[in-house]
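Alright, structures below, take your time with them.
Shared chain: chain A. Partners: chain B in the first complex, chain C in the second.
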Partner chain A sequence: MDMILSALAEVLSPFALIMNLMGVMIGMIIGALPGLGSVVAISICLPFTFGMEPLQAMALLLGVYCGSNCGGSIAAVLINTPGTPQAAATSIDGFPMARLGKGGKAIGWSLSASIIGGLFSCVVLVVAAPTVASFALRFGPLETFGLILMGLTCISSVSGKKQLQGLIAGLLGLLLACVGMSPFTPDARFTFGLYALDGGMDTVAVIVGVFAIAEVIDRSERMLHEKQGTVINVNKLSMPKLSEYKGRIWNLIKSSIIGTIVGILPGTGATTAAFIAYGEAQRSSPRRDKFGTGEPDSIIAAESSNNAVTGGALVPSLALGIPGDPVTAIMLATFILHGITPGVRLMVDNPAVVYGIFIALAVANLLMYPCCCVTTRIFNYLLKTPEPILMGLITVLCVLGAYGSRGNFNDVAVTIGSGIAAYILRRCGFPMPPIVIGLVLGQQFEMSIGQMLLYKADMSWWTYIAQSPIAMCLFAVTALILIVPLVRHKMSSQAA
Partner chain B sequence: MNKIFKKMGLTLACVLMVTGSAFAAYPERPITMIVPFGAGGSNDLPARVLAGLMEKKLGQPIVIQNVVGAGGTQGTTQIAQAKPDGYTIGFDPTGALCLQPHMKKLPYGVDSFQFIGMATQQPVVLMTSKKASWKNLEEMVEIVKKAPGKYRVGISGVGNMSHVPVIALAKHYGLQFRYVPYRSTPEIMKEIAADRLQFHADMPVALSQYDVYGLIQFSDKKVDNLPMPNSADIGLNKNFIMWQACIAPKGIPTDILKILVDTMREVVNSKEYADAIHRLSMNVWWMEPDEAQKFYEKEFVSYGEALKDAIGK
Partner chain C sequence: MKKQDVISGILCVGLSLILYTQTFTSDAVIVFEDNINPMQYPRALIALLAFLGSILTIRGLLQKEDKTDIPIFSRRTLGIMVLLLVYAAIFNATGFFVSSVIACFGVSVVMGWRRLGILFAACIVALILIWALYTYILRIPLPTGTLF
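And then the complex of A and B:
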C-alpha cells in the first residue's frame, strides 16, 4: 500500500504530471497528422527521456502512446484521412457523421469510447497482469493463425453489399503483404527485381496512400466541377450524454475486451483490434443497418478497442518482459537505459515503477479529454483554410509521414502509387478497408502459416490441432461467423 | 600593371585560402547518422550513446536516422550511396556488413565503406530456458542427440547471426535442430517461455532481460561477465562476434575523416561511454580505421565460408 501511495505521489508530482500531459498532447497532435503514428511519436520523444527519472520518462511515453492512439481519430472523422492506421475503422462512420454536421459529436463519441477502453484495459492490467500474461504464452503459431483467420472475416463485414469487390480488395492487401523478403528463405518475392522493394510494403505508407492521398485526389477532382465542396463546419467537441449510451454499453465493454485481449497477444496490434471489434459490432449491433452512414456504435467499437490495446500490450511487457507491440518494445528499451531490467522479476524488484506505470497510464487516459478539446480546436482552424490549401497540406504531411515511418525514400513512391491506385479502385466501387485489413494481418498470417508447418512437422493435422483447445475454439468461432449469416439469410428468405 | 595584377591575384588567392579553410571548418551543419534498425533496439541504443557524446565534442548535433527494412540492408545501402562529405555516417553491425552481402545481390559490398572505428563487440550466446531439462552444454548435447529433429531453435531471419552460429554448433556435435523463423527476439523469447522453442542465439543483453541462461559463447576469448564455456573450450574453431562499427561512405576526404576518427577515439575510450555501454550489457571496443578495415575484410571472407558451410549459399 505504501508503495502504491509513494508511486501515486511521484506520478502526480508536478514534473511527472507535466510530462504526462505533454506526452498526451504531443501524441495527439502527431497522431492526428496523417501518416505520423505512434511509433514516430515515441521515437521523437525517446531522446528526451535519457535525462529523466524512470517514472517521468514512462509518464511521457505512456502519454504519447495513449494520445497518439486517440489523436488519429480526429483526422479520420474530420477529413476522412485516418491519422494513424488504427483509426482507419473510425473513419467508416465518423466521416459520414461529420458530413451531417455532427463532427464535434463524432469526436465526442470517439473520445469517450477511447477513455473508457483505455481505463478498462488499465484495470485489467492492474488486477490480472500475472494471470493474464500466462494466457499470452499459450498463443503459439497455430493459435495466432486462428486469431488472424477470425480477423480476416472482418473483410466481409466492412464490405457491406459489395462482397465480391471487398474480397478482391482483401486479396490485394494480402498480396501486398507478401512483397519483399520471404521470412522463410533468403529470397525476395514480387519485387520485379527492384532492390528498393526488398524491404516490403510499409503498412503506414500504404495506408496513408490508400486513405489520405486517394481522398485528396478525390476531393481535388470534385473541386473541378463542384462549386462548393462539402465544407465541414466543426463545432466544439461535444461529449455524448450518459443517456445516449443506453443500449450501447455492452458494445463498449465487448470492444474493450477485444482490444485488451488483442493487445496482450504479441504480434498483433491496435489496427487488428479496431477491425475485429468493428466486425463484431457490425454483426451484433441492433443498429447494424445504419453502419457506414454515421452510426455511433461503429465509432465506439473501433475507438474503445484500439485504445484498450495500450493496457493490454503492457500486460506481457510488465509481467514477462515481452513487449506486445513495437511501441512497448521501445518503452522496455527505455527501462534498460535507466538501469531497470524488464522481465519476470520486474514486479518483484521494482514494484514502485510498475505501480507508477499503472497510475501514469490511468492519468494519461484522463488527460486525453483536455488535450482532445485543444486539438479539435486546432483542427477547426485548419478546416477553415481554403480547401485547396488544406489538401496541399495533407499531401505534404502524407509524404513526410511515409518517409518518416522507416526513413526510406522508396516508401514515398509507394504512398503516391498506392494513392493513385486506390483512387481508381474507389471509383470502380471497391471498398478500401479490406486492403488495409489484408495488409495489416497478412504479414503475421504468412508468418504463422510457415511456423505452423514447421511445428507440425510429421504430425497429422488432426493430432496437431487437437493439442490446442484455444485454436479449436477460434476455428469454430470463425466457422460460425461465416455460416450463421448464410443460415439467417436462408431462413428469412424462406419465411418471406 | 602586371605587378598590380599579380598582387591582386596573390591577395585573392590568400582570401580564397582563408575563406576556403573557413568553409572547411567541418562540421558546420548537423551530421546524420544512419542506423539501419528500429529505434530502441540493440543496434539503435549504442548508436545514440555514441552520437550523443560525439556531438558534444564536435559542436554540431548528430541526428540519428533509423532506416528500417530487409535485415538492415536498406539502411546500409543508404550509407553506402550517401555523398561522402562527412555529413552522412552510419552505425552498422556485423550481420548487415558481413552476412547479408553473401546472401543476395546488394548495391553495396566489402569495398563500399570507409571505417571510422569500432564501437562495441559482444559474442553471440546460445540461450535456453532456465526451466529446460539440461543444465549445461554437455547435458544438452546428450539429450538433443537422442532426439534428432525434436528440439527447435528460434531464429530472427534465415542466414543471419541468430542462425549461422547454431548451425555451426550443430555440425560440430552432429545435432539436428529445427529452425523456426520469427520476426523479433521478444516473440522468440515468448515461445521459449512457453517451451515451444528451446534455443535462441543472440547478444548477451537478452540474458539479463529474459528468463534464460547461456550455454556457450561463440568466441575464442572469454568475456568477464559471461560464465559459460566458449568456442575454444569445445574445440569449435569458429568465432561469431557481433561488433558494431561507425562507418562512412567510401571516398570521404581525409581531413574530415581525421576529425571524425579523433573524436570517436576520444569518446569510445571515455568512462562515460564505457558506463553507458555496460549498462546495455555490451563491451566497449576501439579499433583504428585501418585495422578495422582489414579486420572487416577478414571477417567478410570468413562469414562467407561459414554461410557456405551452413546453408550452401
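And then the complex of A and C:
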C-alpha cells in the first residue's frame, strides 16, 4: 500500500503530471496528422526522456501512446483519413456522422469510448500484471529461455503476410544486439575494428532511425501520391449524455474486453482489436442496419477497443518483459535506458516504477479529455502545418535525440545509417517491428541460452526439458503461435 | 520474377557471408569449460539468415513482380538520403546550429517547399527553441563545433 501511495505521489507531482499532459497533447497532435503514427510519435519523444526519472519518462511516453491512439480518430472523423491505422474503423461511421453536422458529437463518442476503454484496460493491467509476474518468479533458466523464445515468436504475428521477411528482420535485430562485447567473455563482436562499437548499438539510436528517419525518407516521395480530403469544421466537442448510453453499455464493455485481450496477445495490436470489436458490434447491435450511416455503436466499438489495447499490451511487457508490439518494445528499451532491467523480476525489483506506470496510464486516459478539446479546435490549423517544414524539424529532433542519449557522435551515424537501411528494407517489403523486438530481446535471449547450457551440464536435452512442465507448456505455445498462422494461411489459400 | 525479393535474398546471403568472416577475427576468444563460445550464437543466427535469404531468393524467382506507383529511389528520396549523410558528416565539425540549419532547410526544400524566406525564419526560430530546450531544460550539451 505504501508503495502505491508513493507511486501516486510521484505520478501526481507537478513535473510528472506536466510530462503526462505534454505526452498526451503531443501524441494527440502527431496522431491527428495523417501519415505519422504512435510508433513515430514515441520514437520522436523517447530522446527527451534522458534527463528524467524513470517514472517521469514513462509518464511522458504513456501519454504519447494514449494520446496518439485517440488523436488518430479526430482525423478519421473530420477528414475521413485515419491519422493512425487503428482509427480506420472509426472513420466508417465517424465521418458520415460528421457530414451530418455532428462532428463534435462523433468526436465526443470517440473520446468517451477511448477513455472508458483505456481505464478498463488499466484495471485489468493492475490485476493481471502482478499475478502473472508472481507466477513468473518461479522461472529458472530453461523457463526464461522458453519465455523469451515465445516473445520472439510474436515477430511472426507482427509480420502479417510477410512471415519470411519478418523472420529475416527479426534475425537482423538479434544480430544487431550481438554487436559489442559478448555477455560471457571480454570479446568484441562485429565491431569491424571500430572501438566506438565496443559498447554495442545504442537501442535508442536504432529505434529512432528505424522508425522516425525511415518515415521522413518515405514521406518525401509518398506525400506526392496522397490526396488530402476536405476538412469538416468543428469548433466544439460535444460529449454524449449518460442517457444516450442506454442500450450501448454492453457494447462498450464487450469492446473494451476484446481490446484488452487482443492487447495481451503478442503481435496483434490496436488495428486488429478495432476491427474485431467493430465486427462483433455489427453482428450483435440492435442498430446494425444503421452502421455506415453515422451510428455511435460503431464508433464506441472501434474506439473503446483500440484504446483498451494500451493496458492489455503492457501486461506481458511489465510482467514478463515480453514486448507484444513495437510500442511496448520501445517502452522496454526506455527501461534499459534508465538502468532498469525489464523481465520477470521487474515488479519485485522496481515496484514503485511499475505501480507508477499503472497510475500514469490511468491519468493519461483522463487527460485525453482536455487535450482532445484543444486538438479538435486547432485541428484545421494542424492540417495546414507545412509537411516539408515539419519533416525537416523531425529530422533535426531525431538526430539530436540519438546524439543526446550518450553524447556520442557515433550514435548519430548509427541513426542515419539504420534509417536509410530501414527505409530500403521497408520498401522491399520487410516489416520493421521485428527488428526492434529482436534488438530489445537479443541480449536477454543470448544470456538465457548461456545460463541454460550451464544448468543443463551433462544432462540429456530430453531429461532437462522434461523436468519443467512450465517450459514444456511455453514451448508448446511457441510452436502453436508459429504453426497456427501457417495453417490458417494454407487453409485460406486452399479455400481461394 | 519478383526482383525485390531476389535482390533482398541475395543481399541477406552476402551479408551473412561478411558477418561470418567477422566471427573469426577475434584472437582472444575465451571458451568456457562448458563449451560456451561467444561466437557460437552469432554463427547460428548467421546460418539461419543465409538459409532464409536463400529461400527468399528462390521464392522471388518463382513469384510474379508486384507493381507499385511509388519508386524506392527517386530524386526526393535520394536527395533526403544524401542530406542525412551530409548532416551526419558535418554535425560534429560545424556544430549543432550550422549543421541543423542546413539539414532542416535542405530536407524542407527537397520535399518541395519553395517559400525560402519563411522557411529560413521558421528553421532559425525552431532551432533556437530546440537549443534552449536541450541546454536549459534537458541539460544535454550540444556540439558547438568550429562554427557554433
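To be clear about the criterion, the second predicted complex is superposed on the first by the 275 of 496 C-alpha atoms of A that agree within 3 Å, B and C clash if a C-alpha of one lies under 4 Å from a C-alpha of the other, contacts with A are read in each partner's own complex, and residues count from 1 in each chain.
Going forward, a residue touches a chain if its C-beta (ideal position, glycine included) is under 8 Å from a C-beta of that chain, and two chains touch if they have at least 3 such contacts.
In this text, all values refer to a predicted model and were calculated from it rather than measured experimentally.
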First, second, both or neither for A:Gly51, with chain B first and chain C second: second
Touching partner for A:Asp198 - first (chain B), second (chain C), both, neither: first
Which superposed partner A:Gly392 touches (first chain B, second chain C, both, neither): second
Touching partner for A:Phe184 - first (chain B), second (chain C), both, neither: both
Touched partner set for A:His225, first chain B, second chain C, both or neither: second
Contacts of A:Arg427 with chain B and chain C, given as first, second, both or neither: second
Which superposed partner A:Pro342 touches (first chain B, second chain C, both, neither): first
First, second, both or neither for A:Leu137, with chain B first and chain C second: first
Partner chain in contact with A:Leu454 - chain B first, chain C second, else both or neither: both
Residues of chain A at both interfaces, chain B in one complex, chain C in the other: 50, 184-188, 407, 450, 454, 457
Residues of chain A defined as touching chain C within the complex: 48, 50-51, 164-165, 167-168, 171-172, 174-175, 178, 182, 184-190, 192, 213, 216-225, 386-389, 391-393, 395-397, 399-400, 403-404, 407, 409, 412-413, 416, 419-420, 423-425, 427-430, 446, 449-450, 453-454, 457
Complex contact set, residues of chain B against chain A: 34, 38-41, 44-45, 48, 52, 64-71, 73-75, 77-78, 103-107, 149, 152, 157-159, 178-184, 186-187, 189-191, 193-194, 196, 205, 208-211, 279-280, 311, 313
Residues on chain A engaged by chain B in the complex (per definition of touch): 39, 42-43, 46-47, 50, 136-138, 140, 180-181, 183-188, 195, 198-200, 202, 266-267, 316, 320-323, 326, 329-330, 332-334, 336-337, 339, 341-344, 406-408, 410, 443, 447, 450-451, 454-455, 457
Chain C - residues contacting chain A, complex: 4-5, 7-8, 12, 19, 22-23, 26, 28-30, 32, 34-36, 38-39, 41-42, 45-46, 48-49, 52-53, 55-56, 59, 69-72, 74, 76-77, 79-81, 84-85, 87-88, 91-92, 96, 100, 103-113, 119, 122-123, 126-127, 130, 134, 138-143
